Amino acid sequence: MRRRRTSSGIMTVSAVAYAVTVFLLLPTILIIPMSFGPDRYLHFPPNGFTLHWYAEFFADPEWVDSTLFSLRIAVLTMIVATVVGTLVSLALVRGRLPGKSLFELLVVGPVIVPNIALAIAMFLVFDRLRLTGTTVGFVVAHTALALPFVIFTLLASLYRFDADLERAALSCGAGPLRAFFHVTLPLIAPGVVSAALFAFIISFDEPVISFFISDLDHKSLPRKMFEDIDYNISPTLAAVATMLTGLTLLALTAGHFLRRGMSRS
Amino acid sequence: MTKRPTSFTLGGRTYSPAASLLLATPFILVMILAFLLPLFTLLHESLSVPKFNLDNYARVFDQEVYLRVMLRTLRISALVTIAALLLGYPLAWLIARSRGLLLGLLLIAVLLPLWTSVLVRTYAWLVLLQRNGVVNQILTALGLVDAPVQFLYTEGAVVLAMSHVLLPFMVLPLYAALRGIPDDYMRAAQVLGAGGFAAFRHVVLPLTLPGVASGCLMVFLLALGFFVTPALVGGPQQMMLATLVQQQVTELLDWPFSGAIIGVLLAFVLCLVLIFNRLIRLDRFVGQV
Amino acid sequence: MSKYLHERRNSSIAVGSAGQVAVRDLVKRYADVVAVNGVSLDVRGGEFLALLGPSGSGKTTILMNIAGFDFPDSGRIEISGRDVTWMSPDKRDLGMVFQRYTLFPHMSVLDNIAFPLRMRKVGRAEREKRARAALQTVRLDGYGDRRPAQLSGGQQQRVALARAIVYNPQVLLMDEPLSALDKNLREEMQIEIKHLQRKLGVTVIFVTHDQTEALTMADRVAVLNLGALQQIGAPKDLYEAPATEFVAGFIGESNFWPGIATSDAAANEQLAVQLEGGEIAQACAATPLRKGTQVRLAVRPERVRLGPAAAGGVGGTVEEAIYAGSVTTLMLRTKGPILRARLSAGDETAEPRPGADLSLTWRPQDARAYPTS
C-alpha cells in the first residue's frame, strides 16, 4: 500500500517536472516556426514558409551594423575578460594577495549589484568621460559584468588542478612562466574555454547596460532589439530571436565538445 | 646570502604579495573604471546635488507614486521567487534523479534558457500574450473567449514572464543541493520506516534548505533590479523600480534623484546579502555546463 | 659494494662538495606552529639519507625547503656548496619524485621524461635519446608513446623516477614516493630505487613515515619528532643505540619500565636501576645520569631472555602467548608494567604457557636508561 502511494507520488512529481521543462522551453521554441511564417502578424501554426524576415534582417543596415558592433564587442570582451580573469584567478589561488577578502568581495560585486544600478552609474560616468557608444566603453563595461563568471569558472578549474604538477614542472627546471604555459594552461584549458564562452555570451546578449551606454550611431544588437520590440513587433524580430537561440545552442555544444576533446587529449 | 625573491619565483604554490598584486592589477583597473568609480560617483551625486543633504532620499519616501512602485517591486519579486521555487523544486529533483541521456537533455533544458538572451525570451512572451498573440488565437479558436483577453501590462503577465526568465537561477542551486545527497540517505530513511513523503520531508528537504535559500535569494535579488522584462511586458502600468529609474534618467535627466533610488535599492540588496552572506554561490551557475 | 662506489665517486670528482646537501639551523613556522625548530643536517655526496618521522615531525617541511617550494624563517640551505636558500626551485638542478605520480597528463610518457631536458634547451634528437635511455633504466622500454593514465601506479612512479634522473641531477629528492603503492610493489620499488641510486651515485634525500622503508633503503636515517632532529645515524646504530626515548619507541618496538638511577653514570656506562615495583636491574645510561634521577628503561622484546622462575632477574608471569608463525609474542605480567617478549620459532628455552612463572633477564647493553623529561 505504502509502496504504491510512494510510486504514484514520484510519478506526480515527475509529471510536474516535465511540465515545467516544457514551460521553460516552449515559448522560445514556438518562435522558431513562426519566424518562417509569411504573415505580418505572427501566427501559430504559421500559414506557409518564407525566408522573407531573414532576408529583411540582412538587408537592413541598422540590424547588420548593430549585429557587427555587438560581435566586435563580444569578441573583445571575451579576450579581455579571459586574460584579466585568468591573471587575477592565479593571484587568488596561487598567490599571497594582500587583502584577499576584499578582492573576493569585489569579484562578486557586479553580480550582487543589480544591473540597472550599474547601468545608470556607468551611463553617468561614461557620459562625462565621452565613452558612451564607444567600443572601449562597451568592452570595459561588459568585461566588468563578465568577470565574476569568468573568475568563478577559472577558480573551479584551478582548485581542481593538482598544484604538485606545477611543483613537478619547477623541479624539472621550468621557470614559473614556462611551468604555467607548458603545464598549468594546457590542463586548465577546458575551464578557460568555458570562461571565454561565458564572457562572449554575456557580452553579446547583454541588454541593460547596452541600453544606456549606446548612442544613436553605435547600438548594440540587444539595444536595437529592445527598441524594435518596444515600437513594432515585426516578424524580423522572430528571425533574430531564432538566430540568437541557435547561436546560444551552438556555443554551448561547441564548448561542450571542445572541452571534452581537450580533456581527453 | 641572496635576497628573498620578490617576483614570480616564490615557489610553486605561492606567488609573492608583489607578484600577486601585479597579476591582479588589470582586474583592479577594470573594476575601478566600470564598477567602483561609477557607483561612487552616482551615490555621491545623490547626496551632494543640489546640496549636501538627504533631500533626494527623502523624496523617494515622500511621494506616494514612488512608494507604490517600490511596494510593487517587492511584491512582484516575492511572487516571482515563490513561483520559481514551486516550479523549480520538482524539476531540480527530477534532474538529480536522472542519469545518462535524460540528465543531459534536462540540463540543456535549464542551461539553454539561462544563456539565451533575456530579450529573446521576453519577446517570446510578448508574442504569446499580446492581443492578437498565440494564446488569444488559441482561446478564440477554441471558442473559450469572444474577444481577445488583455494579458500584457498586467501584474500576472509580469510575474509569469519573470518567473520563466529567472527559473534557471532557482533550479541550478537546488539541483546542486539535491545531487549532494547520497541515495543511501533516502533508502536509510525508508528502511527506518519513513514513507516516501515523510523521508522527503524529514531527510531531503532539510538537507536542501541551503540550496533553497541560495536559489530564492538569487532570484529575489535579480527580480528587484530587473529591467527588460518588466519594462516590456509590464509597461508603464506595472512600473517597477528599474523602469522608474530609467524614466528619471532618460526622460527627466534627474541624476541625483535616480542616484537616491539606486542608493535605496543598493542598501536593501546589501542588507539581504549581508544576512545571507554564505548563500551566494556563483559557482553553481557556471560549474556544470 | 656501496662503499666501493661511494669512494670511487668521491675520488673521481675533484670538487669534494658535489652532491652534498647542508641544512643549517633551519627554522620554519606556520602561523603559530613551529614546523621545524633549528634542524641541521649534513648529507654527503652520493649518500642515501632517509628523513623519518611521524606526521607533523617536520620532515616534509625540510624537504620543501631543500626543494625551494618553501622558504625558511631562518637558517640556510646549501647544495653542492652553493647557498640556495632563496633560489627558486627551477634553478636548483634537483630531481624530485612526489608522493602522487604528478606526471603531466597531457604529455606522452616520453615527453614527460624529456621535459627537464626541454627546459634545459637540449636538442630534440639528443632529448629523445636520453629520455629513451632513462626509460630503459627504469625498465619501461616500449612504453614511451603511452599516456600516463594508461600505466599502472607502479609504472607511473617509475616514469616519474626516470623524469627526475634524466638530466643527471646530483641530488634527488623523494617525498614519500612509494606510499601510494601496495605492499608488494612497494618492496619491489624499494630495491629498485636503491639499486638505481647506487648505480648513478646520486645523493638521495627520501622522506618517509615507514621505518622499515627507511631502515632497508637508507645509508643513514634522520629521525625527526615535533620539528626537532632526534638522531641521525646508520640504521643499525639507530636500532641498537637509540639516542632518545622517542627513537627507542619509534624505531622497532621497545618495552618501557619506569625506575630510578641508583648511582651516577656517564653516557653508555653501566648502572643499576631500581625498577617500579621494587626490583633492581642492570642497564646502560643513554645520556649522563645522576643518582636518584627518574628514568625509563627501554628493552626490545626480542632481547628479553626467559629463564625458570627464581633464576635471578625480575619475575614475570605469562598472561598470553600470541603465535604468529615465525615468532611468538609473550605478554608478561610483572611487578611493573606488562612486558612483551619475543621468541623465534624453534627457540625452546622457555615454555610459553599462560600462567607459567618465569624470570626475565637482559644484557645490560640491551636495556637503555633515558632520563624522564
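Each chain carries a letter (A, B and C) given by its place in the written order, and its residues are counted from 1.
Convention: contacts are C-beta pairs under 8 Å (C-beta built on N, C-alpha and C of every residue); 3 or more make two chains touch, one makes a residue touch a chain.
Just so it is clear, the structure is predicted and the values come from calculations on it, not from any experiment.
Of all chains, the one whose mean C-alpha position sits at the greatest distance from that of chain B is C.
Top-ranked chain pair, ordered by C-beta pairs in contact, is A-B. Per-chain Cα centroids separate chain A from chain B by 15 Å.
Chain A and chain C have Cα centroids separated by 56 Å. Once the centre of each chain is set as its mean CA position, chain B and chain C turn out to be 58 Å apart.
Multi-chain contact residues of chain C (touching two or more other chains): 68-69, 88-89.
The multi-chain contact residues of chain B, meaning those touching 2 or more other chains, are 9, 11-13. In chain A, 164, 167, 169-170, 175-176, 179 are the positions where the chain touches two or more neighbouring chains simultaneously.
Against chain A, the residues of chain B that register as touching in their complex are 8-9, 11-17, 19-21, 23-24, 26-27, 30-31, 33-35, 37-39, 41-42, 45, 87-88, 90-91, 93-94, 106, 108-113, 115-128, 130, 132-134, 137-138, 164, 167-168, 195-197, 221-222, 224-228, 232, 241-242, 245-246, 249-250, 255, 258-259, 262, 265-266, 269-270, 273, 280, 282-283, 285-287, 289. Chain A contributes residues 162, 164-165, 167-176, 178-179, 182-183, 186-187, 265 to its touches with chain C in the complex.
Across the complex, chain A meets chain B through its residues 2, 5-7, 9-10, 13-14, 16-18, 20-21, 23-25, 27-28, 30-31, 34, 41-44, 80, 83-85, 87-88, 90-92, 94-98, 103, 106, 108-126, 140-141, 143-145, 147-149, 152-153, 155-156, 163-164, 166-167, 169-170, 175-177, 179, 194, 198, 201, 204-205, 207-208, 211-212, 222, 225-226, 229-230, 233, 237-238, 240-241, 244-245, 248-249, 251-252, 255-256. For chain C in complex with chain A, the residues that touch the partner chain are 67-69, 88-91, 93-96, 98-100, 102-106, 115-116, 119-120, 160, 163-164, 167, 173.
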